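Common to both upcoming complexes is chain A, partnered first by chain B, then by chain C.
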Partner chain A sequence: MNRILRLIATLLFLGMALPAHAALRILATTADWGALATELGGDRVNVYTATGALQDVHRVDAKPSLVARARTADLLVSNGAELEIGWLPVLVRESGNPRIQPGQPGFFEATRQVRLIEVPSQLDRAMGDIHPLGNPHVQLDPRNIATIAKALTERLAGLDAGNAAFYRERGAEFQARWSDAIARWAAKAVPLKGIPVVVMHRDQAYLRNWLGLQELAAIEPKPGVPPSAGHLAQLVSKLSGTPPRMILRNAYNDPKPANWLAERVNAPVVLLPFSVGGTPEAKDLFGLFDDTLNRLLAVIQ
Partner chain B sequence: MSLLSVDFSILWPALVAGLLVSVSHVPLGQQVLARGIVFIDLAIAQVAGLGVIVASSFGLSIEGWGAQAAAGAAALTGALLLTWTERKRPEAQEALIGILFVLASTAQILVLANDPHGGENLKDLLAGQILWVSTEQLVRTGVLTAVFAAVWFRWREQIGRVGFYVLFALVVTASVQLVGVYLVFTTLIVPAVATYRHAANRQLVLGYAVAGASYFLGLAVSVVTDLPSSAVIVWVMAMLALLVHLARRAR
Partner chain C sequence: MTVFRHVVASLTLACILCPAIASAADDIATLRAELQSLKDQYAAQVGLLEARIEQLEVAVSATTTGVAAAPEPIEAQAAAPAAGPLASPSALNPAISLILSGNYTNLSRDPETWNIAGFMPSGGEVGPGERSFNLSESELVLSANVDPYFAATLIAAITPENEIEVEEAYFRTLSLPAGFTAKGGRYFSGFGYLNEVHAHAWDFIDQPLVYQALFGNQMAQDGVQVKWLAPTDLFIELGAEAGNGEEFPGTRRNQNGLNGATLFAHVGGDVGDSTSWRFGASWIDLDADDRAYEDIDDLDEAVLNSFTGTSRTWAVDGVLKWTPYGSTARRQLKLQGEYFERKENGDLTFDAEGSALTDTYRSSQSGWYLQGIYQFRPRWRAGLRYDSLDSGTPHIGLVDAGVLPPESFPALLPANPDRISVMLDWNPSEFSRLRAQYAWDDARDAGARDQQFRLQYIYGIGAHGAHKY
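And then the complex of A and B:
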């Protein structure tokens, strides 16, 4: 027993004595914000991502490394707009880490940097399950990514002043590549304008907005609550009159509802990455939009 | 991430939570197993969750004491209902518990279907995670556990059937929020199954040993492997329980 204790103590000591990594420690809540932080911080940052692309970010299993990172992080990059409300506030509060508390420079919310859509003008009880702050899934509009990247670059420069020049230079380089990419995507996406689609939930709203897709209906109007028989019957009868060109499903969605509808309205299901890592092709933020467009265009060509 | 970089101060609240839950759940579980009502904790947890959802659909605050009161009241109602059914239909008690579980779960869906602020967050309101335990929760559970221990070890004969169900409802409503439903079920049932063939006077001590060692070992394994702690503890407890169970048969 004594030897084990001594071994543990030695290991702990070694752990502390390892070359102190000067890198800024970042905790990102989703794969997209983790990818952006890596894109902007390069080797000056050490990014830990709390959820994988195929995980539902609403629910997160507490792993020791997640709690450990929350305690030591210099910067928390979260989505905000209540997306992580089920676990992040508890984690931040219990971390006892003063740097990442709300209001501190180490607390960064992506959705704070952009205009949210679908903000309820008032709490309309008939609207169903709505986020009071607006639709939080902002990452699916690349113009939002540009705005958020700008704010995150400044945040990195402020937190790690010694490397501020590095972050600004890298940020400018990213902005240049990103705006080229946006122009390329916009040209490529022209045929998608006005294409009628059915979505799973409303979480593709920003993509739909950016591409000008026409949303005919949502299969599950309330996330987490199975659709009623009446809703499904209405959906089928409405769509048989005006059939969609495709049914969009995010990689993390259950395939069953989309396949069910596809059988009845004779439209293909298109699987979209939704998040970096959602498909093998969506390796980074550029890949996310390249792959999303490729998959959409494959259907209409 | 390896053992090296994990701050040990993240583990002690989880360990304390696990040990507190064990204090009440091991003896309760032995009763539950003897009565053949092993799924009662799942049913009570669902009823408590239903209470919170119903309260919020009436516009009551779902944060803080409002939720606690709603959960506790619902759990107590469920417990009293089960006391009544055990008296009226003892032969079907386990089936009735199962039915209560399904009814409470589906009632949540029905209430949420018309609740504009429903949705997935609310459903998970009462699902705790052992690593995210707060000090305040520990203090509250500590007090509750002390009350439980006093009642259970001094007046168990006097509290009767109603007392058992009431105590059970209150303890489980608190522990589900602390460590989650998988660990609650495991801490109740697994030590009880591990020890029921051992000598009667050693069952409780052995059960405590199984539960305590599992939380300790499970958390350690979870740190080394960086796997979700609750699931690891469940598996460690099941394996330790198997050893303890077989140790009896070998003799």
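And then the complex of A and C:
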């Protein structure tokens, strides 16, 4: 028994004696917020991204490896608006880390910084796994990223006061590059306005909104409910009168329903990265939008 | 043992008192947070004003040119910061969720005769249940943060017999430093892997035989738990619990201080992008005082026997999940197994209300299960489980001394019960599950196989649940 106690005591001592890491440790829930934290923090931050672009962030296990990362994080950069509700509360709870508890400076929610669209006026799960706070997939409108970057820069400066000037300078430089890029993308995207499309899930709403795409239908009948054969058949008949120019599929989506529909309505499936890392070209946030536009424009030109 | 318990008790107390020490640091953090929220509010106001000015400018230019300004989708959705939620008394209500469950049961043998051969009955709600349609327990979960230092959770089961049982009711710390978390009240012990999992999240309708035989389904403790998570990239978690030890195989004892201690350790991590794992080892030490059970003696008469002594169990558990793309929505394979071994040492009294003969009792009993669940399509999962128990041959003083024949203790005759279960479930959404399960149950030991076919529904309403790994 004594030996076990001695082992516990040694481990506890080691745990407390570990030197504080020089870099600010950031746990980002999605690839996009991980990429943004890296853009803004540079070499002063150590970013770990909990999920990849090929994952459906709604449905993730609160894996031990993630709990371990949450334990040592100084800052948790999450998407919020209940996108990660099935697993993030468990990470925060099991982490034993007071810094990243909700309400603490180390708990950052991207969606808190911007206005959400599609806020449901009626809350009823008969409509699917709805998000009461609004559509959480805000990263596909680059203007949202600018606003969130501003808030995140201030958060970094607050948490790591010694490097505040560094973060603000880097943040300003990012904002300048980003607004140039937004202007470039807006000009490039003009031909996409009004193009009729079919989407997979409501998660392309911000992209659609930004580009002015016309959403004819969603393959998922209700958020979080996989399409059934009956629903797909209905879609085909609904779309026969007004065929879409393309069917948008995110890199993380199951390709089958989109491909099935594409054959029947005679429209191409366009694979979109959706997140940084979703396609080989979407290496960072700039690449995410460059590649998304290139792939959309390739179909209509 | 007592020294160890004192150490556990002092550590536990120290951890609970820690928020007071940490409060100075917390004050600074709170101030910072307040400052941040002020800044955010300010930014939000400015953003709204900017958006309004933009709108006005558009309107003005439209009226001056005389052309109606068509909303430009590309610029229309200026990202104005969100306004906070409306304040109202009910906005601070705890998160509430309710889980309803029921089943249809078809058994080839009379469930009244069900028992686990070779093991003293655990007294829990174990076994295949009753035939035909049954309502299961309805689970009501209420939880919220109390303040910046504590969170509280109540999980109550409303039984089909119209009673309310407190399954768990505990507080949990939010602000202990250095990776510590403390929990107190009534909670499912961190022993093993499945012990903390509530019935609605089980992968089969029932618990493995080893949980039914050794813990009467699940081990709840009234006490305190302290966990510590190592600051390493490898998941290393150590935990200790101290409780009143009332739940089977312990009993409530009329004494001050601790009467039940648990230690557990978990290690976990990833292999590549798609595979994750967790292994654990646990140990629980309990005392039983007059733990009674019913049996039929060799003269076919009902007797009440009782055990007084120590009951110590150790366990190892392991879980491996293979999830292509890391997303549980599409495909997942989950392998899981646990091995328990329990040693009991003390006195056994035969016919406590009659002849009351007492002599020594010593047993070493074990059991394990191994199960695999495969989600082969987005809404479908199939599972296979094998259960096995080994009762060992107990040393019963009264039998060894020739006072009574072994047949006086039919419940303790050596046996190796086992069971095979298969299940298939369909999950229309994250909130509903319909399941079919078939089991070949040899719990009564060889020669008395029960074929069990069951259908089950589970529905969850209210707050979105989040489950542990």
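Everything that follows uses one rule, which is that the second predicted complex is superposed on the first by the 264 of 301 C-alpha atoms of A that agree within 3 Å, B and C clash if a C-alpha of one lies under 4 Å from a C-alpha of the other, contacts with A are read in each partner's own complex, and residues count from 1 in each chain.
One rule holds for everything that comes next: a residue touches a chain if its C-beta (ideal position, glycine included) is under 8 Å from a C-beta of that chain, and two chains touch if they have at least 3 such contacts.
Keep in mind the model is a prediction, meaning the values are calculated, not measured.
By the touch criterion stated above, A:226 is placed in contact with chain B and with chain C alike.
Once the two complexes are laid over each other on the shared chain, residue contacts for A:151 go to chain C alone; chain B is not touched. By the touch criterion stated above, A:23 is placed in contact with neither chain B nor chain C.
Using the contact criterion defined above for the overlaid structures, shared-chain residue A:101 touches chain C, although it does not reach chain B.
Judged by the touch definition given at the top, the superposed model places A:68 against both chain B and chain C. Touched residues of chain A were counted for both chain B and chain C, and C has more of them. Across the superposed pair, chain B and chain C both touch chain A at residues 8, 11-12, 15, 18, 58-59, 61-65, 67-69, 71-72, 82, 85-87, 90, 93-94, 125, 128-129, 224-226. Residues 8, 11-12, 14-15, 18, 58-59, 61-69, 71-72, 82, 85-87, 90-91, 93-94, 123-130, 222-226, 228 of chain A are the ones touching chain B in the complex.
By the touch criterion given at the top, residues 1, 4-5, 8, 11-12, 15-16, 18, 51-52, 54-56, 58-65, 67-69, 71-72, 82, 85-90, 93-99, 101-105, 111-117, 125, 128-129, 141, 143-144, 146-147, 150-151, 154-155, 158, 186, 189-190, 193, 206, 209-212, 224-226, 252, 254 of chain A touch chain C in their complex. Put simply, chain B touches chain A in their complex at residues 1-7, 9-11, 109, 112-113, 116-121, 123-124, 129-134, 222-223, 226-231. Of all residues in chain C, only 1, 4, 7, 22, 26, 29, 32-33, 35-36, 39-40, 43, 47, 72-75, 77-82, 145, 148, 151, 172, 174-181, 227-238, 263, 266-270, 273, 276-278, 321, 323, 325-330, 378-379, 428-431, 461, 464-469 touch chain A in the complex they form.
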